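As written, the chains take the letters A, B, C and D, and residue 1 is the first residue of each chain.
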Amino acid sequence: MNLTTTLPGLSLKNPVMPASGCFGFGKEYSQFYDLSDLGAIIVKAATGQARYGNPTPRVAETTSGMLNAIGLQNPGVDAIIKEELPFLRSYDTPVIANVAGSTVEEYVQVTKALNHSQDIAAIELNISCPNVKEGGVQFGTDPELAKEVTYQVKQASNYPVYVKLSPNVSNIVTMAKAVTDAGADGLSMINTLTGMQINLKQRKPIIANKTGGLSGPAIKPIAIRMVYEVRQALDIPIIGMGGIITAEDALEFLLAGANAVAVGTANFQNPLACPEIIQELPRVLEQYGFQSVEEAIGKGHVNG
Amino acid sequence: MNLTTTLPGLSLKNPVMPASGCFGFGKEYSQFYDLSDLGAIIVKAATGQARYGNPTPRVAETTSGMLNAIGLQNPGVDAIIKEELPFLRSYDTPVIANVAGSTVEEYVQVTKALNHSQDIAAIELNISCPNVKEGGVQFGTDPELAKEVTYQVKQASNYPVYVKLSPNVSNIVTMAKAVTDAGADGLSMINTLTGMQINLKQRKPIIANKTGGLSGPAIKPIAIRMVYEVRQALDIPIIGMGGIITAEDALEFLLAGANAVAVGTANFQNPLACPEIIQELPRVLEQYGFQSVEEAIGKGHVNG
Amino acid sequence: MITKQLIEIKSHLRIAEDTFEVVLQSTLARELKPGQFVHVALKNHMLRRPVSVANVDAEAETFTIVFKIFGEGTKSLSRYQAGDHLDVILPCGSYYPVEELELDHALIVGGGIGVPPLYYLAKSLKEKGVKVTTVLGFQSKAHVFYEEKFQLLGDTYIATNDGTYGKKGFVTDIISELSPTIDYYFSCGPTPMLQAVTNQLAEQKGYISLEERMGCGVGTCYACVVPLKEDPTQSKKICKDGPVFYANEVILT
Amino acid sequence: MITKQLIEIKSHLRIAEDTFEVVLQSTLARELKPGQFVHVALKNHMLRRPVSVANVDAEAETFTIVFKIFGEGTKSLSRYQAGDHLDVILPCGSYYPVEELELDHALIVGGGIGVPPLYYLAKSLKEKGVKVTTVLGFQSKAHVFYEEKFQLLGDTYIATNDGTYGKKGFVTDIISELSPTIDYYFSCGPTPMLQAVTNQLAEQKGYISLEERMGCGVGTCYACVVPLKEDPTQSKKICKDGPVFYANEVILT
């Protein structure tokens, strides 16, 4: 079974990669399996300077999902380039860096810094983090701002740019069009939906930041809908994600129009989630009558 | 334990009511229990003329939720007033009519028709149905349109008007403010999130309408967040809903700031969901240290 | 009166490939009429699953369901055991009007998981003194069930899609060959089969039983509608007005 | 090497109010050090639950966990039975450096569900020839567990919040009374207790073990950080750098 899939700057041996923020910089999960098995790896967000992130508690469990408000904690792009990315060199799998910031300048700064790293193959422009006060949400929900930051980052970057879209919008196609017009090489969707859980005993939100991003199987129907709508409207490569647990889920994203898929929350439940999905994928593709991954992409569309 | 709660035009013996579209016009569930036990009843949407709705399949099951695309099937407001509402007279519980339409004119027409009914206590203005091509979505995601339709309906209505908000927006507070400015007496939130599920065998969306509205426990964190945000920003009564299954869920909505709660999808899983929540509520309130429903409202807020 | 009951599984048997027969204890068993269904809640599933009543033992206060593993819900149901309890809404929907009809000879046409409700119907007809001829279609030999039980009630013919048992082909092929003289036909099965059968027997009076994805199962949510032949802008609810309809009443899509 | 294993429950016992002791069979049992935890997957829960290792039987290749019902996850865990299997990640996190430390007398201070890891620690210290004095705090008499087991290892004092057993009050009240001469203290329990104990014993060297809501449990998600005293803009991960920290290393909030 041919599992390969090709996206701008990425020739993947299979379409499955861990999602940003759910895999650190790979070290921990390398204890569980050979990271070369992965189609690619999207690492944790990088900002211009080191960030502490939000106070704890930062996570909560919801019905078939979880909330997180990590707040982009990371050691800063320079430390990431120097101390984290080199570890992944020894694996035969492309690395995608996740670029975050509070201002267009910071996004551009991080992007430029990453130009100096030889350890990545693409960047994912994170304009959709719901958990930081400045920047994140604005860029992800205002098409004009999204366009602007995408354009500037695209100008600055030597690598293909995948823009990660926020689902917290009324019209995902408008956002997708805005960043595509600005030169995005691909889209990555979806990030988390803003949610809250209240602790009945303590009479306050469980997450110290009050709100957090909802991920996991609970949001899969929303993610599938958004990938489908964007694929229907635009001819741009998509990395689909949101609630993938099984190879069937991954196939559902392919049918919706994703060219590859990312697995986030599932890693926490099952550190072997990615390799297990990759292992199952040939059987599942065959079961539903597909000869290859490429063949399945977009096949869930009626009339086209 | 005092379970009463008071909202404009509604003095409720308890804060629990079935949500629109999940209870028909009450007849079927009256076979399972005495509808007088309910705090109120929100009946199925009414439009100007009878509507057939969407093709089937109209529902799908998702992880901890469901999708529906009924498409506002109903016999039309006149038939509802004549043939459906009178049945509920014999119960000691206020009825809230759900008003839908494709144009401002239709909303106003339905509202005026309902003025002639003595069988209702309030109307819920449904500007958030994601499953009809015209009207529904637009009114629910554009603050200006929402304002306009709310204003016109409020002018036309002899009854208090609760505006039912769509969660498919980037900023729920903006929408809430728009309809409050236009004179809404209260808010009802949330309606369903637009989602999709793809049938892997058939290679097409399960729902004939392709997309459907996601409801059930999966969406509760989003609903809680939205109720909390609106309560933080505005001093308007809120009927909270989205994923309520248990009395604990209902209390979570009260703490987030809802003055009453509605139960939708849970009725399908358990026809006795509403009376069971009402029965459990005193124990749950007591367990978490509350003397009454009123006391719990908004108590999940930090700093105020 | 429709009710929600927690009822015990008395037995749980695999009777064909992926096919299970479950006997349930319920004080309401005797209320269940041929063609009606029960709406079964399953742990960790948002929606209930509709399953037809395949038999009733009024004395023992038990009834039987027969189901095939189709997706996650029926797979989960296949793992329950005798002694476990099921949360069930019953009785649901309309029924074949066995009492009211006047007839001497009935043709029963079933396909796959449409077969179970027809057994209870056939038994009831036979008890009323009606002659019953049965034609059943299955995927393949491994999926055939209840053949002997139907044979005890009258002539029974089997078709399988792949010809591994009985006649290779469809129920309509057998009906063509038999071209029996009947008063009524009663059919339940996949929609394409129902379309073929109702076309073939267009001149005959008949009843059919439909399936659709359901929400409430009791008539409140409008999930399960079917348009009417008389006026396609009007519809009936399969869960409440159906699942049994007069053959010419509804449009099969 | 951290691993995911499906391991069998050898025994599952209620040992105090809402408190359960579970013995698990694992080829990795002997790798587990005092203070480490295992990360337990539960059916129908998105996230794993961290639970400390309360004891290890290297020969039998088993280890013990002790937990209290707190919410839905621990309630679910309380319903598992001997013979069932658990999906567990192990070994997780840092440990009390029993081997490396030089000491003659250790004070063990535990509160509630902070007590279990201290039993394995106390046992290991005792085996090393260290004198162990233990002070444990519980809500009330019904919640007390492992008192006898600790007594076999050294002097053991109990406080209960409501005075239904041992001394009424807090572990710090007992420590004040004893004011023991020790080389190190080791503490695990609710944050307010850890704050009180580290303040009271500020002059002593000690190790504490922390709790925080976790995502991954292995160090990738940054859910479980704790700020450092030295530089509060820096943090460590409780799941990977902890749960055991040097008492003055981190800021307790």
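As a working rule, a residue touches a chain if its C-beta (ideal position, glycine included) is under 8 Å from a C-beta of that chain, and two chains touch if they have at least 3 such contacts.
The model shown is predicted, which means the values in this text are computed figures rather than measured ones.
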Steps needed, at minimum, to go from chain C to chain D via contacts: 3
Label of the chain whose CA centroid is most distant from the centroid of chain D: C
Whole-Å gap separating chain B and chain D, where each centre is the average of the chain's CA atoms: 47
Whole-Å gap between the CA centroids of chain B and chain C: 36
Inter-centroid spacing, chain B versus chain A (mean Cα positions, whole Å): 33
Residue list for chain B, restricted to those that touch at least two other chains: 62, 64-65, 217
For chain D, residues contacting two or more additional chains: none
Pairwise touch network: line, ring, star, complete, or other: line
Contact pairs between chains, per stated definition: A-B, A-D, B-C
Contact footprint of chain B on chain C as seen in their complex: 1-4, 41, 45-48, 73, 87, 89, 212-227, 233-235, 240, 253
Contacting residues of chain B [partner chain A, same complex]: 62-65, 67, 141, 168-171, 193-198, 200-201, 203-205, 210-211, 214, 217-222, 224-225, 228, 243, 248, 251-252, 255-256, 288, 299-302
Interface residues, chain B side, partner chain C - complex: 21-24, 27-29, 31-32, 44, 50, 52-53, 55-62, 64-66, 68, 70, 73, 206, 216-217, 265, 267-272
